[in-house]
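Look at the two complexes coming up: subunit A is in both, with subunit B in one and subunit C in the other.
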Partner chain A sequence: MSQNLITEEKVYEELKKAIVETLRVDESSITPESSLINDLGAESLDFLDINYRLEQAFGMKMARHFVLEHIEDMFGEGAAIDEDGRLTEKAIELLKIRFGENVPDLKPGMDMDEVPALLTVKSMTQGVMDILQSLPEKCTKCGGPEWKTEDGVKIKCASCGENAAFTNGDDLIKAWLTRVQEEKKIF
Partner chain B sequence: MMQIYQGVDIVDVVKFSKVFNAHRDFVSDIFSGKERAYCMSKRDPSIHFAGRFAAKEAGLKALGIGFSGRGIDHTLKEIEVIAGPSGRPELSFSGWAKKISRKKRIDRLTVSISHSGNYAVATVILTGDK
Partner chain C sequence: MHILKDKVVLITGSSRGIGREIAKQCALKGADIVVNYRKTGGSSQSKAEELCREVEAMGHRAVTIQADIASKQSVKNLFHETRDKMGKLDFLILNAARAPFKPLEKLLERELKQLVDTNYLGNIFCIQAALPMLEESEGGIIFISSLGSRFYNPAYPLGSMKAAMESVTRDCAESLRGKHISVNAVCGGIVKTDSFKVLRQFWDNIETLPADLFVEPEEIADVVLFLCSEASRGITGQTIVVDKGLSNAICRMN
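Coming up: the complex of A and B.
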């Protein structure tokens, strides 16, 4: 982010707030390493609820398609998932680059449906940070170069007050995959 | 050899309606135009939306994608429940859901939805030769 207005700690705090409101768990039971499914008991409706709360708080759009789908869209059918629904070695390689130590248990040959339980509070925080870091240089409405935030979560143009227009999560994943492929020639 | 894939899901209608009503984009992110039209034509749309949501989750499980625990999952919208000629629900896949079903050579899709009191439940059975 060109102007460091929202810190990772702030995103983590907001995510914890969304989790507490959605799952009715005690804030002290949430750690960065918590798996939302295994440790905090989240089900699918909770994921929708939490993600919509984050979108509203920060004024951005999360990805609607998981990285695995983007991999197959860009690099062809079978690139990420084999005929038995298992993750390919290349898919694991990419996920490891993307999530790093935030998701340590990725293994080639694992089933697709094992992935959601690996996602943690930390990996979700990272997902939000990636989007916030796409803050443009200038306001898309008036061209003003300064951003401000009053509540520490919503970034607005300092000149006209327009909400910052972040790149949406799916476009960021595509750009990231293009970059990684150029650098590492995985496919 | 014929393979059978099964998925089941149960939805708390009160909880579903709370999340559904709290977020403006929910209905268009998750339900197709046809699904929206069908549910809205019913006396109590929320129970029908909840039933279809259960069917979508059951579909994800049957496909082996696992329940949607990655965020706002577009695959839910790609698993569409349409009312067949007799009124019985039928399942249709597009996008990523279709891609996965093609990998597994799935050629028959069946879905059944039921509700009672505060709960909606759905099962999906997929079969294919592999």
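Coming up: the complex of A and C.
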């Protein structure tokens, strides 16, 4: 549990700041529903920049690989993307669970290059929240049970001041995939 | 000293990173600049336009031209427009690169093709299309390489393309010798630009490398300036490594 030290609003604000600094767009043009690529003009290198800024701010590690790459790693080559770079039915089923049923264009045969455009400010905020919620029960250094934040972004141990050790974004995606697979037996 | 006064320099992929720095440093030495970027409507276009304004503020001419070097037609347009707007070309800096960050064996056929299309064919399209102007100016071509051309980097299929281009550098230096066009390359070590943010994703402890082993973009740009200058007239077909000594030592005693 994150002990509610960092709110979703705070994450949203930090993400907006990272987007404004990276893409030099006007803050007022950013909404939770904005697609970073389609609406805000982000390109692939920009995501690294935005992630880097978030990692520096919150002291955690964002996912290095998108969910599709994890599917391929866990369930075999071709499980998510066919030889022509198109999404399989199973990959679509999984993305619908992750991004919601109502995302337009989410259908088998979709080109893999179109997937990053699904990332919205809201889904990235959620991604950061997931990582922050992986805050361990106790400090890994001194075993202290209390956490604190002085600047509203970095969580530290209330006893020894050590930075909180969050689960990284990739491990969270893997754990999520394992859970979904156990429940739904997609692959 | 304005060693590039009245010279026109075109840098492919110059909206960000090393290309951007080269553009700025060339402008500081007096050059007029052609800023090239690939994608319309995205962040690189706005960054390219911002760079253009910076160069203009230094009192030099600057234009942005959109072109995807992987497309031969797009490259033709890039150089036509350069002639139209700038009248000539003195130096072509081949800096643009584009690659997925996956091990080679995991690349789909289309990713492999894109790798070659941009990073090998695209550069050669640029050389071919620039030749008439470079012949007139007796100018030069400088390719921006990286240590990936000769050392393993995790998830860096671009390395093999950089190696190919260092070979192209040697080839063209000889075949263009009669036309008085110089061809050389600068091979950068670990430079803290946008692409470095990729590297750190696959190379967990990279940030623990001593700070003095990281190359500044200006340090790459300075060697490009040297290769654009009369002082480098004796150098041809070479790749100059600018890596703060990173590749020199198998072991480092701190």
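Heads up, the rule we're going with is that the second predicted complex is superposed on the first by the 181 of 187 C-alpha atoms of A that agree within 3 Å, B and C clash if a C-alpha of one lies under 4 Å from a C-alpha of the other, contacts with A are read in each partner's own complex, and residues count from 1 in each chain.
One rule holds for everything that comes next: a contact is a pair of C-beta atoms (placed from the backbone, for glycine too) under 8 Å apart; a residue touches a chain by one contact, two chains touch by 3 or more.
From a predicted model like this one, the values you see are computed outputs, not experimental measurements.
If you put the two complexes together on subunit A, you find that subunit B and subunit C bump into each other. When the shared chain is aligned, subunit C comes close enough to touch A:23, but subunit B does not.
Contacts of A:41 after superposition: subunit C is touched, whereas subunit B is not reached. Legend: residue contacts after superposition of the two complexes on their common chain; A:183 is shown touching neither subunit B nor subunit C. Contacts of A:66 after superposition: subunit B is touched, whereas subunit C is not reached.
Taking subunit B and subunit C in turn and counting the residues of subunit A each one touches, the greater count comes from B. In the superposition on chain A, contact of A:117 is made with subunit B only, not with subunit C. Overlap of the subunit B and subunit C contact sets on subunit A: residues 37, 42-43, 45, 48-49, 51-52, 64, 69, 77, 81, 83-85. Of all residues in subunit C, only 16, 39, 41-47, 50, 102, 106, 108-111, 194-195, 197-198, 201-202 touch subunit A in the complex they form. Subunit B meets subunit A in the complex at residues 11, 15-16, 19, 22-23, 25-26, 29-30, 53, 57, 61, 63-75, 95-96, 99-100, 102-105, 130. Partner subunit C is touched in their complex by these residues of subunit A: 22-24, 37, 41-43, 45-46, 48-49, 51-52, 64, 69, 77, 81, 83-85.
Remark: subunit A residues 36-37, 42-45, 47-49, 51-52, 55-56, 62-66, 69, 72, 77-78, 81-85, 111-117, 119, 127 touch subunit B in the complex.
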